[in-house]
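Paired with subunit B in one complex and with subunit C in the other, subunit A is shared by the two complexes that follow.
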Partner chain A sequence: MKQAIQERFLISPFLVFFVIHATQVGIGVLNFQRPLMKEVGQDAWMAVLMAGLSAHVLIWLMYRLLSHSPSGGDLVSLHEQYFGRWIGGVLSLGLLFYYALAAFMVLQSYIEIIKVWVFPLMGAWQFSLMFLLMTYYVVSGGFRVVVGLCVWGVVTPLLTIFPMVFFPLEYAQYRNLLPVFDHSFGQLAKASKEMVLQYLGFEMLLMYYPFLKQAPSSQKWAHAANAFTMFIYFVLILISIVFYNKEQIQHITWPTLTLAKIPEVPFIERMEYIVISIYVLVVFPIIAVSIWAATRVIKQLFAVQQRRSLPVLLACLFVGGMFFQEKTHIEQLTEWTAKAGFYLVAVYVPLLYLYVWTAEKVKKALQQKP
Partner chain B sequence: MRRGLLWLGALLLLGGCASSRPIDEIQIIQQMGYDFENGRYTGTAVYPTFKQGPMTKPNMLTTTSPTVYDLIPRLSSKSALPVEEGQLRLILFGKEFARRGVTQITHSLARNNKVGSHLLLGVAEESAKELLKTAANTTLSDTLYLPNLVEQNEQSMNLPKTNLHLFLYRYFSPGSDPFLPYFEKKGDFVKLEGVALFRDDRYVGHVSLRDSFLMKILLGETKNGVYQLKVGNRGKQGEDRVMLQNLWAKSKYEWKRDGSRHVLDVFVHIHASVRDYPSWLDHSGQDLFADVKKKMQNELEHNMRRLFRYFQKKRIDPLGIGDFVRSVTRHWDSDAFYREYPDLDIRPHVTVDIVHTGIGE
Partner chain C sequence: MGLFSFWKKKKKRPPQRPISQLWEKLRQSSDFVEVSFVVGGKELSIYYFDSLVDPQVLQERIFCHLQNDIPQHPNVRLEDLQQIVPIQRIEVSEDTALIEEKVLKGFVAVTFREQPNKAALMGAAAENLGLRENNDSENEFSVVGPKVGFVENVGVNLHLIRRQVVTPNLVFREMSIGSVSKTKVVIAYIDGVANPEVIQTVTQRLESIHFDVVFDNAILDQLLADNSRTPFPLFISTERIDRAIYALVSGQVAIFCDGSPYAVIGPAALFDFFTSPEDYYLPWVLGTFFRLIRFFGVAFSVLASPIYVAVLTYHYEMIPEDLLGPIIYSRSNVPFPPVLEVLFLEITIELLREAGARLPTKVAQTLGIVGGIVIGQATVDAGLTSTILLIVVALAALASFTTPIFKMSNTIRLIRFPFILFAACWGGIGIIFAVCGLLIHLGRLQSFGYPYLLPFYPFRVRSFRDTFVRSPYSETAERPMFLRPRSRFRYDPNAAKQKRDIDE
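For the complex of A and B:
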C-alpha cells in the first residue's frame, strides 16, 4: 500500500459537490435535447429523470468500490492490487487514454463553438494554445487549485447563464408537454441510455478519491451534485419542450444557445455571445480536472512527477488538435468519448465491483478455513 | 515566471484583435427585400447613412440574380464598405416571391448565427422593392419605420405576434402553418393590411386586419386589439356600430367525437371595453345593452365561423389546431388529421363581458 497523501493536499468533503457538478455539466448541455426529443418528443423530461436516477446508482456503486477496497486509494492502485502489475497496468493505461480523450473532446467542441459563433476566422491552434497554457497554470498548482476552479465554474455560470434560460418562456406553448407518456417504455429506455452520457464526469472520482478528507462521508455531497445536475437538465429540457417543437429542434445545432437569443437588453442585443464567453468557465474545469486525473494516473503508474508529465500531455493535445478541424470529425470524437465513458462507468465499474466483492468473499472464506 | 505571465497577457490581449469590424467601416443592413420578377430574383437592402447627430437617412442597394443565395454577395459588389447582416430587423418578401416559397431564405436565416430570433418577416402586396422605397421616401429619417410599425401593431393593436422564431416554429410544426404581416402600398404610404397566410412555406392568401383580431384571440394572445361590430339596423352610416376594445381574452379548445366525425368546440371569453357606441344606446338603459351584447356575440361567432371556413377551404392551419389536437390525442397522426380537416365541424362559442364604457356617460 502506498503512503497516505499529506493532509495539506486534501479537500473538504463538501467540495466534492462542486467538482462533480462542474465535471458533469459541459458541452453536452448545449445540445442534449436533440437526440432525446427525436426519440421521445415531449416525454424527454422523463428520460432526463430516469438517466439521473441511474447516475445516482452508478455513483453509489463507485463509492462502494472505492471505499470498500482495502487499498483505500484510487483505481490505479486497485488495479495493481487485484490484477497485478501488468494486467492492472494495461487497464490503468486505458483509463489514462480515456481521461486524455475526455479533455481533448471538450476542448475541441468548445473551440468549434467559438469558431462558429464568435471568431470564424480565428485558427483553432491560437485558442487551444491559450487554453492549454491556462490549464498548465491551473493543474501545476495542484488538485486544490483545480477544485477552486471548479467552485467558480459552478457558481459563476449559475448566477449568470442559468437565469437567462427562463426568458424564452415568453414564447412557451405549454400544450407541447401533452399528452404525457405517449411513447413506449422501450423508446424511453433508449433515450435514457442516450441521456446517461450527459451525466458523465463523475468517473474522475476514480482518481481523486484519495484526496478527499473523510472520503466516505463525502458521498452525500456527490449525490447532491448529481441531483443538482439533474435539476438543471430537467429545467432545460422542460423549457426546450415548450419553446421548440419536435421538428424544429432537429434543425438547431445548439438548442440551448439558441434559447439565449431571446433575452433582449438595451445595451446588448445578443445575449448568446455573453453566454458563450462565460461558458469558458463551464468548460475549463472539465479540462483541468481530466488533465489532472490523467497526470495522476501517469504518476501512479510510472512514478513520473505530475509536473513533468503535464507539459508532455498538453503538447500531445495541442498537436492532436491540429488534425481535428472538421465538424464531422469532432462529432465522431464526441461519440467515441461518450461510448468509452459509458462503458467505463456503466459496464466496467459494476463488473469490477462484482469482481472485487467476490474476491474479498473468497479471501475471507479461505482465511477462516485453516 | 513573471516573463511567462507577461507573454500570456500579451497573447490574451492580442487574441482579441483577430477580427474587428468598427461600426463606421461596415454597411449595416437593417431591412432586406426579396422579389421574383421575370425569372430573376431581386434583392433590395436598406441601410442607414448617419448624418449629423441622430439623423439617419435610409439608403438602398438593389441587385438581381438568377439564384437567391448570391444576392448578398452581389450587393457587396455595389457597396464601398463590407455588408453586414447582423442588425437585420425586417425581411420583406414580394408576393410573387412568397408564392414560390420562402424556405430558402428562412432556412438560411435559421442557420445564420448573426441574425437574432426577433427578426421580423413580412409580405408585400406587390414588390418588396417598391414598398421599401416608398417607406424610405415617406420617412426621411427613420430607417426602422416598418419594423416599428409591426411592433407597435403587435403590442397595442390587432396584429398577432410574429417573428423569425415563431415563423420557424409554425413552419416546422406538423400541426400548424406560418403567417406574417401583410403590407400594401397606398399611394405614397405604406399600410399594414392584415395577415399573409402560408401553406408550408408558400403564400396562399391573406386576411384583413379586422379578421386578424379574431386570429389574435384564437391564438391565445390575451390582450389588446380593437373590433368594430354592427349591432343595429338604424340605416344611417356609423350610427349602428360599436367599437370594442379587448382588455383581456381567453380562448379554450375542446376536441370531441360526435358519431363518426370529430367536433372542435372553441370557447372564447372576451372582457372588453366599449370605446365608441351610437348615441341611441345611451338613452335606453341596461336592458338594451344586454341585447347589444347578445348581438355582438352572434356577430363574433359568425365572423369566426367564416374565418374557420376560409382556413379550411385553403387547407391551412395558422391557428395551430393540429397542434392542439396533437396535445389531446395519443399517437396523433398528422396526415389523417389534415385529411379530415377541411370538413371538420368547428363551433365557436363567444362570451363578451363589457367591463366599462369609458369615463363619460
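For the complex of A and C:
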C-alpha cells in the first residue's frame, strides 16, 4: 500500500515532547483565564488540572488506537483500512479540513493580536503573507525541519517569556485563592470541558505518528509534554487568580499579555511588545505542524505531492484571511475550531478506538473458530 | 556489421603517442631542458623542467652518479638505475601520459638509446621553492598555545600532523583533483574513530569534483558543500594545527590540499565555529566565560542595529523616560528615518573593513584611524547619524570580529542586513520573523549529511558538555557522540575523574 518512511526522515521518540508541547501552547494561553474564572472563580486551577488529566487519557487513547492498528500508519491509512476507500476518504477529508482550520484560526488570531496591540494601521495581509511564505520554507524542508522549529518554539519562549509572568507576584493577593472548593462538581466539569480545548494540539499526532522512531516508546514523552503544558497553565492560572480580581479579569481580553506589562527593568518598558514579538515563535510551530499534517493528508488521500499541494493550500489560507478582518469573525472561527477539535479528540477518537477494538476482537474470534 | 554501423562507432581511445612526440611537445617551453651525452659507451638523454627541479639534487645525485658509475656497469638497464642513483622510488615506465605528468611535476626523465620507449623517472622536484617555510597562524591568532600553522606545502602539513598524532591509525589518503592543476589532495582521518560513512561520503564527493585549477582549499570547501545557496560555512577551515588535530581526534575528517595553508574539516556543526583553541588552553572557568562572551557578541552583533531600527521606528513607547531624552537629543538633527541612518553607517563600516582588507598593512592602519575617528565624528557633526547609533554600530562591528573563524564572521556581517530590513518593515515582530527564518535555514542545513545545528537539534544532552560551557577535562573524556565515532572515549574517563578524599 503506502511505502514505509525512510529512516532518515524519522525523529527520535523524545522529540515528541517538543512537538506536542509546541502545538498545545498557542493562542489560548493568552486568554484562557477569562471564561474559566467566570465559571468557577478562584477554583479555576482545579479545572485546569482536571482538563489536563483528561487530556492525558485522550493521549493514551490515541496511542492505543495508533499502535494497535495493524497498518501501523497514520489515521488516513487506518480509515482506509476499516472503512474502505470512500467512507474512509470522507472521514479523512474531515481531518484535512480540521487541520487547515486549526492553522487558519491560529494565524488569524495572532494577526488580530498584532493589530490590537502593536500595529493598528498596518495591513494584516503583510503578516499573513510573511507567515505563509515562511511556512512554505519550513514545510518544504520536511518533517524534521518542522520538528526543529518546534524545539525552538518551546525553548525560546520558555527562556524569555515564561520568567516574565512571575513579576506580577509582587502585587499578589494570596487571599484570592480562598475559599477553596467553593463550586459544585457540575460547574467544575463544565469549566474543564472548556479548558480541554486549550490542551488541543496533540491531535496532530494522528498524522505524524509514523514519523516517530520506535513510536510506542515515545508515549511517555507525549505524556510528559502534556504534563508540562498542564504545569504552565497551572502556573498561569494561579498567578492570574492572585493578581487579578474576579470581576476585573472579565474586562481584560488577554489577561496573560496584561501580566506581561508588569515587569519593570531600567532600560526598557512595555515588555508586552517583546512578548508579542517572541510569540511568533510560539504560534509558528502550530501553523507549520498543522499545514504539514494537512498536506500529508492530501498526499495520502489523493496521492498529490506535498510540494504541489502546499502552495495551493497556503494560497487558500491567504485568500481566506482577507475575509476575516473583524474581531467577531475571528471569535466565531475560534469557536468552530474548538468545537471541531473537541469532537475530533474527545468524541470521534474514543468511538473509533471502540470500533477498531471490537473489529479486531471479532476478527480474532472468527479466525479462532474456523 | 550493419551499413550504418559507423554512426554507432564509439570514439576509439587515441593510440598511445610515442615518447618522442611528448618531448617534441614539451620542447615548446624554454624551461624544458634536454641533455644528451655518452658515457661508458651508453647514450643517455635526460629531460626535465629547469623551473621545477632542485639543481642541487640534479647535479649531486643524478648527474654525478650517472656520469661516474655507469662506466663501471656497461650492461646497465633503465630498471637497474635504482642501484646507481641514490634517489628514492625510481620508476620506469612506458606510459607516455604518466611520464608527461611526472615530468610536469618536477621529475627527471632518463632514457637510454637502447630502450627508446622507456624512461626512468626520478623525483628531483624543488618542493619548497617559492613557498613559505613557516606560518605563524596570524589569521587565527591565540595568545596561549602553539603558534605554528599550516603552510602551502601539503607534505609539510602532513608532517606536522603526523608528529603529534603518533598512531598507526592516522590514515592519509591521497588523490589528485583539477584537470589543469592536478593538485594533490589528502584526506586525513583516524581509523577506528572517524565514522566510515563520513569517510565514504568525503571520498565520493571529492572524486566527483570536476574542476580545472584548485587554487585553495576554499574552492574544495565550496565544491564539497551540501548546499551551495547558503551564506553559512558548512566546513571549518583552519590554519591551526591544534584545531585540526582536535578535530581528527573527535572523529572528524580533515582535507588538505597542496598550495593551501588551510585544512578543511567536516562534518562541522554551527557551534564549532565559535570555539577557539584558546578556550582549551585556559582554565575551564575562563574558557567558558570567554566562550559565552563570544556567543553574546554574535547575538549582539546580529540584533543590535535591527533592535535600534525597530524601537525607533515603531516602538517608541518601549524607551523609558530617562533614556528618551538623550535619544531625542542625539536624533533631533538627523533628517533620515532610522533604517537609512543604520544602513548608511553599516555600509560605511563595511567599506572601511573591505578597504582595510585590500590595502597594504601600513596604509590600512592609517585608513582605520581616518575612517573610524574622522568619518565617525564628522557624520555625527554633520547630522547624518546619531551618536547613540554610532556606538551601537561600532560595538556590533567589534562583536562580529570575536568569532574565531573568519568565514563565520563574514556570514554574521552579512545576515544582519536582512534583519535590519525586516525590522524596518515590521518592527519587533519583523526581527522575530527574521530569527525564525534564520532558525529554519539553519535547521535545513547539513554538513556531510549531518545536521548543522547539532547537538541542539537533534538534541543531544551529553554533547552539551562542550558547547556553551567548556567543561573541565575530567568531564570531556567522551567524544561528541553526534559525530557517531567508532570509539567512545578520548582518554580514560575514570582516571581523569579520580577523586581523593580530604587529606589523603
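Basically, the second predicted complex is superposed on the first by the 369 of 370 C-alpha atoms of A that agree within 3 Å, B and C clash if a C-alpha of one lies under 4 Å from a C-alpha of the other, contacts with A are read in each partner's own complex, and residues count from 1 in each chain.
The criterion applied here is as follows: a contact is a pair of C-beta atoms (placed from the backbone, for glycine too) under 8 Å apart; a residue touches a chain by one contact, two chains touch by 3 or more.
Quick caveat: nothing in here was measured; it's all calculated off a predicted structure.
Of the two partner chains, subunit B and subunit C are each touched by A:Met130.
In the superposition on chain A, contact is made by A:Phe119 with both subunit B and subunit C. By the document's definition of touching, neither partner reaches A:Phe83: not subunit B, not subunit C. In the overlay built on the shared chain, the residue A:Arg270 is in contact with subunit B and with subunit C. In the superposition on chain A, A:Val145 makes contact with subunit C only, while subunit B stays out of contact range. In the superposition on chain A, contact of A:Gln173 is made with subunit B only, not with subunit C. In the superposed model, A:Trp60 lies in contact with neither subunit B nor subunit C.
In the superposition on chain A, subunit A positions 119, 122, 126-127, 130, 134, 137, 269-270 are in contact with subunit B in one complex as well as with subunit C in the other.
On the side of subunit B, the complex with subunit A involves touching residues 8, 11-12, 15, 18-19, 107, 110, 113, 116-118, 165-166, 168-169, 172-174, 323-324, 327-331. Listed in rising order, the residues of subunit A touching subunit B in the complex are 116-117, 119-122, 126-127, 129-130, 133-134, 137, 171, 173, 175-179, 182, 244-245, 247-248, 251-252, 258, 261-262, 264, 269-270, 272.
Contacts from subunit A toward subunit C in the complex involve residues 11-12, 14-15, 114, 118-119, 122, 126-127, 130, 134, 137-138, 141, 144-145, 147-149, 151-152, 266-270, 273-274, 276-278, 280-281, 284. By the touch criterion stated above, subunit C contacts subunit A in their complex at residues 314-315, 317-320, 323, 425-429, 431-433, 435-437, 439-441, 443-444, 451, 453, 456-459.
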